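Think of it as A, B, C and D in the order they're written, each chain with its own count starting at 1.
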Amino acid sequence: MSLIGQREGIEAGRLDAFVDGAFAFTLTLLLIGGSSIPDSTDKLLLMLGGIPAFAVCFFHIAFFWHGHVRWRRRCHEATTTGRWLSLLLVFFAMIFVYPLHMVFAGLFNGLSAGRLPSDFHLVGGAADMRTLFACYGLAYACMAGTLTALFGHAARRAGRAGFDTLGARREMRVWSVPAVIGLASALVALLLPLSAPGWMWALPGFMYALLFLIGPVVSRFNRRYGQAA
Amino acid sequence: MSLIGQREGIEAGRLDAFVDGAFAFTLTLLLIGGSSIPDSTDKLLLMLGGIPAFAVCFFHIAFFWHGHVRWRRRCHEATTTGRWLSLLLVFFAMIFVYPLHMVFAGLFNGLSAGRLPSDFHLVGGAADMRTLFACYGLAYACMAGTLTALFGHAARRAGRAGFDTLGARREMRVWSVPAVIGLASALVALLLPLSAPGWMWALPGFMYALLFLIGPVVSRFNRRYGQAA
Amino acid sequence: MSLIGQREGIEAGRLDAFVDGAFAFTLTLLLIGGSSIPDSTDKLLLMLGGIPAFAVCFFHIAFFWHGHVRWRRRCHEATTTGRWLSLLLVFFAMIFVYPLHMVFAGLFNGLSAGRLPSDFHLVGGAADMRTLFACYGLAYACMAGTLTALFGHAARRAGRAGFDTLGARREMRVWSVPAVIGLASALVALLLPLSAPGWMWALPGFMYALLFLIGPVVSRFNRRYGQAA
Amino acid sequence: MSLIGQREGIEAGRLDAFVDGAFAFTLTLLLIGGSSIPDSTDKLLLMLGGIPAFAVCFFHIAFFWHGHVRWRRRCHEATTTGRWLSLLLVFFAMIFVYPLHMVFAGLFNGLSAGRLPSDFHLVGGAADMRTLFACYGLAYACMAGTLTALFGHAARRAGRAGFDTLGARREMRVWSVPAVIGLASALVALLLPLSAPGWMWALPGFMYALLFLIGPVVSRFNRRYGQAA
């Protein structure tokens, strides 16, 4: 490896260390912030009841973190654009963690008819739902959008260097699906009239089921541009 | 090293960084959460009284962390299964830390006849013991079970690549012992009638003494499959 | 790489890991410390109103962190001076984070006429402004000054080893601009009489606009010493 | 590098990452724990008054951390003894941080006649001093003793491999000085009668001035065994 290459590697490695550390902190925020330390078995059981929501948040955050790991596979150099977008991803992750936890703590609390505890309760009805889904959708769209931009940047760099851009462009397509869905869900939540019947408020939530569209989008991409990784 | 090998190494390294960071956080949770900062020598002494329980928890967590370090020795590649199981191990560690601390703070508090302080007191008698031992045993079994699965995955990969699988299979056998004991202890705690005499509630705790079985299990494995590391 | 070179690399890498970790913590302090976890949508909205100030602080801290990354590009060896200055940078960053957040939370609170919330309110009028700008300016000058010293150290080392010192000296020049401006802003804040009219208290703040001088300073440096990186 | 060597390097690197991360956390504990976030300029000034004590603690912790970095220079392999002693060092650092901060916050509070604030006040007179100096001295001796043992382990390994053991033995000698002084200071504090006059309670503190003995100890070592590093 040339000296330049080695120095580039050190810089890219430090950015990765920063991103990895910040994502690990974000998980800790879920734990520290969730509630006080249990000092009786009752409180321990209460805390254990929060595990399903913690699990969903944990793997959500890990999913976006893994997106950044996959991006590094496509773009090994330390570029200015890559650095700013990576920092932006960390920034959004630190903001995303709170609405994420509220949505799933509320969801499991509701699904279990209150048996799974939640610090957070939807007291304000429709107005609360609108706020929550709008925040969640926007944060989701920002994170997925940042990853889309990261892969787009990797594709442009690979193209300029004369390498195969197919892998990076496919990943870009994959991440654009959650970005669009998050944005659409937030818009639906903001546009639904507050007087809409209760079941309609499940609509912005069910829109995330459209994530299954990632499969067909990738298939179509592969049919059009070939199968090479 | 080929370019592919180097990229694999970067991905494996980032997963390790994530796991190491998260385990280090878990230790900090023990400290931050334990009590407020001492602002008088009385409170300092109180905090110092918590050192035995902190020490046991610290080395428990370090023990499972070292299990993951040993696993990396057997499986250097970045695999999807390895990633998910590693994240699962971090997830269980973050949950395990609270029942772990409660069990040992209570134990040292009891053994020292209250001289070693504890934020946590067993007020509810038998029902409390049942909850505590069941949570502890299940969390213990989940962590050891995840490590068993990690080594099983390493053995399968080594087998497919035509390498020696003996080391990974031996480690898998080693970790399956605490997994089974944790599960058995949790079951005993759940099945003991609440009216059982007090001394019987020590039973789920004493079952962890069976960890000495790791020695004979390894010896038997070595007699059967040979000594090679 | 020789064995000595490899060992130097390990030590430099550990210092980097320490610095990266500490900067990532500093960001978390902004989050944890800012306010309690939102447990209702009202509090979530309140927290989201703090995003502009968080964003500015986040990218400020990231800017100084990136200064250290750039320094490593110029000085790959583990030197005693480099180690002490790096630790000093971390030390200042941990202190800087609080006045930084107060300045920008107060600024956005003021600019939005109170719509963007702030835990911090300027109740004491001119005396408050003086304290805040003096602390902020001094902390800013300390951090930029430490980076100036780091690049000066890198330039001296490169010069002694017979390498090109131009890059390190240019960076030193760049960082000396914010160091001087921070110091000047703190001095103006300390010397302004408390009876000065309100608009004059904006002066120490507007002095940071002089950061645009970095451009001309670099151009003049390039004209004098050539363009080579 | 051979494959074995590379695997050893990965394990040693993960232990280093764990140690570096844990030391960085320990610094954060000083910050988080010190006091609540300032939300007025008065509280900001109060917090800034705590900077001298924070600075001393920061560089104390960094000093012990650097001891571990220097140890890695002497012992590159991942050994079981090295791992346990490193974990022990982290364990002691996490305990040491509280008495360390209390001693220096109290000291600066006293020296500045109360102008530098402290959450901690010596209300109990001589009994308080005894507790504080005994805890501080023991923690100090434990950390320096662990580093002495680490360098002793490195020297034994180097000796067995036929390498030069001089460097490791010199470092061992250096670290044994603070270990002995910490222990002696704790003993003096414990043995002083509570009725001793006030000025005598400064004795355990002034004993740390004996750290200057490191210089002569190293000189004598060099005279006896030669100068080679």
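One rule holds for everything that comes next: a residue touches a chain if its C-beta (ideal position, glycine included) is under 8 Å from a C-beta of that chain, and two chains touch if they have at least 3 such contacts.
As the structure is a prediction and not an experimental result, all values here were calculated from the model.
A.B. asks: Tell me which chain's centre, taken as the mean of its C-alpha atoms, is farthest from chain D.
C.D. replies: A
A.B. asks: Is it true that over half of the residue numbers where chain A touches chain B are used by both copies, so same, or is it different?
C.D. replies: Different; most numbers are used by only one of chain A and chain B.
A.B. asks: How many angstrom lie between the CA centroids of chain B and chain C, rounded to a whole number?
C.D. replies: Comparing mean C-alpha positions, chain C is 41 Å from chain B.
A.B. asks: I'd like the Å distance between the centres of chain A and chain C, where a centre is the mean of that chain's Cα atoms.
C.D. replies: Result: the chain centres lie 29 Å from each other.
A.B. asks: Could you check chain C for residues that touch two or more other chains and list them?
C.D. replies: If we look for residues of chain C contacting two or more partner chains, we find 17, 21, 25, 28, 32.
A.B. asks: Chain contact graph: line, ring, star, complete or other?
C.D. replies: Per interface graph, the chains form a ring.
A.B. asks: What chain pairs are in touch here?
C.D. replies: Contacting pairs: A-B, A-C, B-D, C-D.
A.B. asks: Quick one: which bits of chain B touch chain D in the complex? Just the residue numbers, please.
C.D. replies: 13, 16-17, 20-21, 23-25, 27-28, 31-32, 37-42, 44-45, 47-48, 51, 54-55, 58-59, 62, 65-66, 69, 72-73, 76
A.B. asks: Mind listing the chain D positions that touch chain B in their complex?
C.D. replies: 7, 10-11, 14-15, 17-18, 21-22, 25, 28-29, 32-34, 83, 87, 90-91, 94-95, 98-99, 102, 119-124, 127-128, 131-132, 135
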